[in-house]
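The block underneath contains the structure these notes are about, expressed in structure tokens.
Going by the order they are written in, the chains are A, B, C and D; count residues from 1 in each one.
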Amino acid sequence: MTPFLQATVYGLLQGGLLALVAVGFSLVWGVMNVVNLAHGALAITGAYFSWQLHESLGLDPVLSLVVVLPVMFMVGYVIQRGLINLVVNAPIWMTLLLTFGLEALIVNGLLLAFTGDFRSTRTGYSTNTLALGGVRIPYARLIAFGLSLLLTVALVLFIRNTKMGLAIRATGMDRTAARLMGMNVRHVYAVTFGTATALAAAAGSMIGLVGTFTPVVAGGYTLQSFVIAVLGGLGNMWGALAGGLVLGLATAWGALYLSGTLVNAIAFGILVLVLIVRPSGLLGKPYYEARAEA
Amino acid sequence: MTAALETRDLSVRFGGLKAVDGISVTVEDGRVLGVIGPNGAGKSTFINLITGQIRPTRGKVLVAGRDLTGAKPWKIAAARVARTFQINKPFRGLSVRDNVAIGAMFGAPGGGSVAKARGVADEVLERLGLSGVAELGPTELSVAHAQRLEVAKALALRPRVLFLDEAMAGLRPAEMEPQLELIRELRREGLAIVVVEHVMRAIRSVCDTVLVMQEGRELLTGPPDEVLADERVITAYLGQRYAERQRAERAEAGGSGPAVADQVGPRPEGETRAPG
Amino acid sequence: MAATSARPGMPESESESAHPELGAPTTGPPKAAPAGRTTASQLAGWALVLGLLVICLLAPKLFIPSFLRTLSAVFMFATLAQAWNIIGGFTGYPSFGNVVFFGLGGYTIAVLMARSHWSFWPALVVAVVLGAAYAMLIGIPTLRLKGHYFAIATLGVAEGTREIVLNVPKVTGGGAGITVPAVGPSATTSYPGNTGFLYYFLALLVVAMLAVYAIARSRFGFALRAINQDEDAAAAAGINTTRMKIAAFMVSGAITAAAGSIYAFQQVSIYPDRLFSVDITVLMVIMAVIGGSGTVIGPLVGGVGLQFLSEYLRQNFTDYHTFIFGAIIIVAVVLLPEGAVRFASETVRQRRLPIMDNLRRYRL
Amino acid sequence: MLRHPTRKPAIVALVAGSVLLTACANSGGSSSSSSGASTGVSGDTVTLGAAVSLTGALAREGILTREGYDLCTDVVNAKGLQIGGKKVKLAITYQDDKSAPDTAGQLIDQFNDKGNKLILGPYGSATTEAAAAVVERNGQVMVDSSGADDKIFTKGYKRTFAVLSPASKYLSAIVTAVNELATPKPKTVAILSADDGFSKTAADGAKTEAGKVGWNVVATNYFPSRATDVSSSLTQIRGLKPDLVLGSVHLEEGIAIIRQSRELGVTPMAFGETVAPPTPDFASTLGPQAEGVLGSSQWTKEGKGKDEWFGTAADYNASFQQKFGREPEYHAAEATAACFAFVEAMTKANSADPNKVLDAVAALDTDSFFGQIKFNQTGLNIYKPMAVIQIQQGQQVAVWPKTDKTSAMRWPVATS
């Protein structure tokens, strides 16, 4: 029983962190119909940012978000406004290629700047765990999980209750109508992408807190974001959270009871299955546009 | 003789919404059925149910007596049922000629080679007066030509049943007449035609029967003049308040002319023109 | 709406939607010309292409061994780009998992040659058939999906297939890879060497070019283009869209599997990470799109151009080449969204560089 | 958006043609300038070719390998290399194989065309294997610095030599060392391994060795190569309470095992891992958690042996520190050793002619900062033992094989 509980707890904690990586990805996809292949690279950029602040100023990764979030928001804003907006109306593979180029640029830029060395943001509480019976909960992962929940809730509140949030939802549903209502779509898109980038960077900071990173792991996080975004339904923020938790649990249990080498196969199996059976995701309404044929 | 097209109790639900609910119609060869109703009444969905874009949840579709309920669109096309779309759907990368040739290539029974299909396309274009623009791209056409292209694409299938979904939309009155003449001509040739229109002049001038739909259901069926004068139709189309006002106006004028004036009715683009 | 036509290149004017590819295509051609008419200039163009092929056939005499190998890679990627072009360019279904056929082809010949001691040629036939069959198998469910959903589903299939290959080490060798018996007593087919592989890849490229050329002017090609432009209208015009899409995917899969087979034989030892690498898919897409997707010649131009470019960058900018390549992709996507081939023909037609048109075309 | 076949075919073909022709012409032209293929000496420079991974998954280790090669040229050129009675400069030309085996093979061909017949191995088994096949065909000579999978040496290649121990020795060395040094001896061992070829071979080696010394292997568990979350594997073995946990891993899985073991309360007497602990990132990332972890290393600065170029292992350590400002890890040392083997062979042969160098490498029997080097029929270094290190006070210290310089192994090291 203990291995099961332990794997469950760990899977949930890991899933919560992955959800934070994916929520911005899902937002961008849902609102702008852009699949951002550079999302993982932006998360890892956040990890380096936070790590650098910790190394040079001794700033705790959670505290460093005060700096990381606004700066990365601006970075995202500029990328969208200056680059992605240029091709946002193009056939979808164009944005895929553009963001792929962006990913190559960021990852190799990080490699040149920080080398390929493995990094980890090591804090005083990195090693401590909370033992509940036989189940152990590492504090760092708990913090990362809590932050995930907090930021997801904050994002939902932002989207639901602010004027800008309304604008983002409106443009996501019908851009022409939004424009007719006097919204500056370019600005709204850039804010959306900036928000997604800031959230990715926050997730990156947490990745540095609970584990190790190097520029080349960026692609892996993008792939996991795919799975989670599809699982949760595009642009659905609660869905992203649920998708992350489901993915975390599925891989933890799969590795425990089947084989550790199957975790990726499980993740991609879920992805394909969800797409075919229920392209709207677990929480979404049926997404008619997803299908070519009724 | 079996009717060219028959639907029995045709229905579809999207979740809780009954988009089309129990529509039964019969269209004989050489007859024109008009379908009218306010936006959202389910007119286009009704066509989509027949031509296979949407599968019905209940009811039957018979083409010349053959049961084609829920068949895929290309099966319907092979049964010589052709349609236009409310929003024009040209193949933008292809020339006007090739747009039409596609239908002759695949839709016509037995199909044909690319060269043969182009030959058929040229004939159709000639007939519709589009020969001059055969080499252009569909985005270079005027609205009138674009609407004709949609019809040409459908005719290339050599249909016996033809659906025209708002083929008059966006046309100026002068441009409408040739289109109406074409419909009359096709009707003389024996095609069974279903016309979905907001342009009441068109409905009155070409239809043998008119079906009025409201919220997915049949409100009324009958000859055009009768239907267009019906109180329920006016209310459904123009709303309660406007209907009352018009009734008052009519009483004042003492006239009894057609209630639904030409070219009234909500336009798909939302550019509703006030009647009168 | 005014009684004028929508101006080409101004897609956002009226029917703007937040999901452009789910609705109507976003732009139209300045002028659509008849397809499939054989003209003198076309013949001249193809004669030139053939002439180049002859030159490249003579390459073993003209060039040094490593160039043969580079050229083999160029031919292989041009072939892969062309195969992607069938499903992605013509049909408009952007497969992001086409590498799965490459890996499948490679592993088919490796397993048959290493474990069952087949010789290369019959194994190649099996690989091609399997490539087509697998395309059908995954195409039936995934080709119901549109746009990004299809792209992601195929990506998932490719990654998932790699994981399966990794998890059956008894057959595939798993992560340790598998070695084709190419030399020594266990070899079933003599190793063709650099020149041999150059011919194999060239032959395959010619096959792919001819296949796409034939498709482009056949009914099949018209059906695919119609599906790409508007699937509902295509179905209403009598096109069996399901069957056509699956057929296109199968042709694409078969050609890609053949390329993977030859590649595996050339490499001798193969590993799942390389044979199912998402990078290979991305290269296919980039080459086809930057050359000009949906054209016959574009993927060839893109494949040849980009492979040589990446080779040049790697040799001359050892530390920065990926960085530069990424930047070039970004610039190319922004400036040549319609591909080099259309850019060139537009330049000639308008007698000026249509860069600003391209910039405006997809801008928000 | 034209969906036509060749609308302007002439133009299009012209574009395609010019691209192809320019490319052909360029490459053809540049090749003609290559020279010196027969002697390997062009002017007064000997150039070795090295395909290393500078981008992609192996970029980290590839760059470390390049540093080892760079140090070799620095030291050799400072002391002066004499071949054929004249002083020649040693140079290495690098190309990035992008961590892809096919690219590595292609690069070896390119080196061959440019007259680079002497090849320094890439990083990693897959790339090395691809390179070895090409080297054999082209009649080049390669000294492999890090391709350790035993598979490479079962193919009968005559032109590839490895200065390092094969994969099967990586983890079994820790078993041997612990069995020799530990009291109380562990009775049970759990092996965690990545699922790539190299790691699996190493895990198999340890399993065999553990059987020989009479330990009970309670679990052998695999996870995906380069995984950063191995918690499920650890959860599975936690209940088995193994005395020793061995990891056949790369750096990221190695760090994850230690870190997540602490998180999950997996507390054996000790952990031992391949590859990861000798890498500086390991101790710097894990901090106190790294204390006591055993690692297998191809080389330690406490090793015996010396040569005229680099001196002793300690001297090598010093010169590396001087150049790069930090201590070398074994990746760099084995790279330098591969380069050293070429230098030594060229000196012995008094030529850079590939065939003469090949014979000289095959006949090499020399002491070095890397230990004694002598190759057997398959190209493996017969004298090469693995070393075992332990992290003590944040530093890696050699604990095995026993010499007068090595420190005592701390045992058991389990904490909390």
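Convention: a contact is a pair of C-beta atoms (placed from the backbone, for glycine too) under 8 Å apart; a residue touches a chain by one contact, two chains touch by 3 or more.
For clarity, every value in this text was computed on a predicted model and none was experimentally measured.
Centrality annotation: C (chain centre taken as mean Cα position, compared with the mean over all protein Cα atoms). Farthest chain from chain A, judged by C-alpha centroids: B.
If you compare B-C with A-C, the chain pair joined by more contacting C-beta pairs is A-C.
Put simply, the C-alpha centre of chain B and that of chain C have 41 angstrom between them. Rounded to whole angstrom, the centroid-to-centroid distance between chain B and chain D, based on C-alpha atoms, equals 73 Å.
Centres computed as Cα averages put chain A at a distance of 48 Å from chain B.
A straight line joining the Cα centres of chain A and chain C is 30 Å long. The set of chain D residues that touch two or more partner chains comprises 1-4, 55, 57, 195, 224. Across the assembly, chain C contributes 15, 25, 27-29, 32-33, 35-36, 166, 217, 225, 228-229, 241-242, 294, 319, 322 as residues in contact with two or more other chains. Within chain A, residues 108, 259, 261, 264 each touch two or more of the remaining chains.
Every residue of chain C that touches chain B in the complex is listed here, in rising order: 1, 3-8, 15, 24-25, 27-36, 217-219, 222-223, 225-226, 228-230, 232-242, 294. Per the touch definition, chain A reaches chain D in the complex via residues 2-3, 6-7, 10, 14, 108, 111, 115-120, 122, 126-127, 129, 131, 136, 138, 141, 211-214, 216-217, 251-252, 254-256, 259-261, 263-264.
Those residues of chain D that touch chain C in the complex are listed here as 1-17, 19-21, 23-24, 27-28, 31, 34, 54-55, 57, 94-96, 98, 100-102, 105-106, 109-114, 126, 129-130, 133, 137-138, 149, 151, 156, 194-201, 224-225.
Within the complex, the chain D residues that touch chain A are 55-57, 59-60, 63, 195, 221-224, 226-233, 235-236, 238-239, 251-252, 255-256, 259, 262-265, 281, 285-289. Contact residues on chain C toward chain A in their complex (touch as defined above): 11-12, 15-22, 25-26, 88, 92, 94, 96, 141-149, 151-153, 155-157, 159-160, 163-164, 166-167, 231, 241-242, 278, 282, 285-286, 289, 293, 319-320, 322-323, 325-330, 333-334, 337, 359, 361-364.
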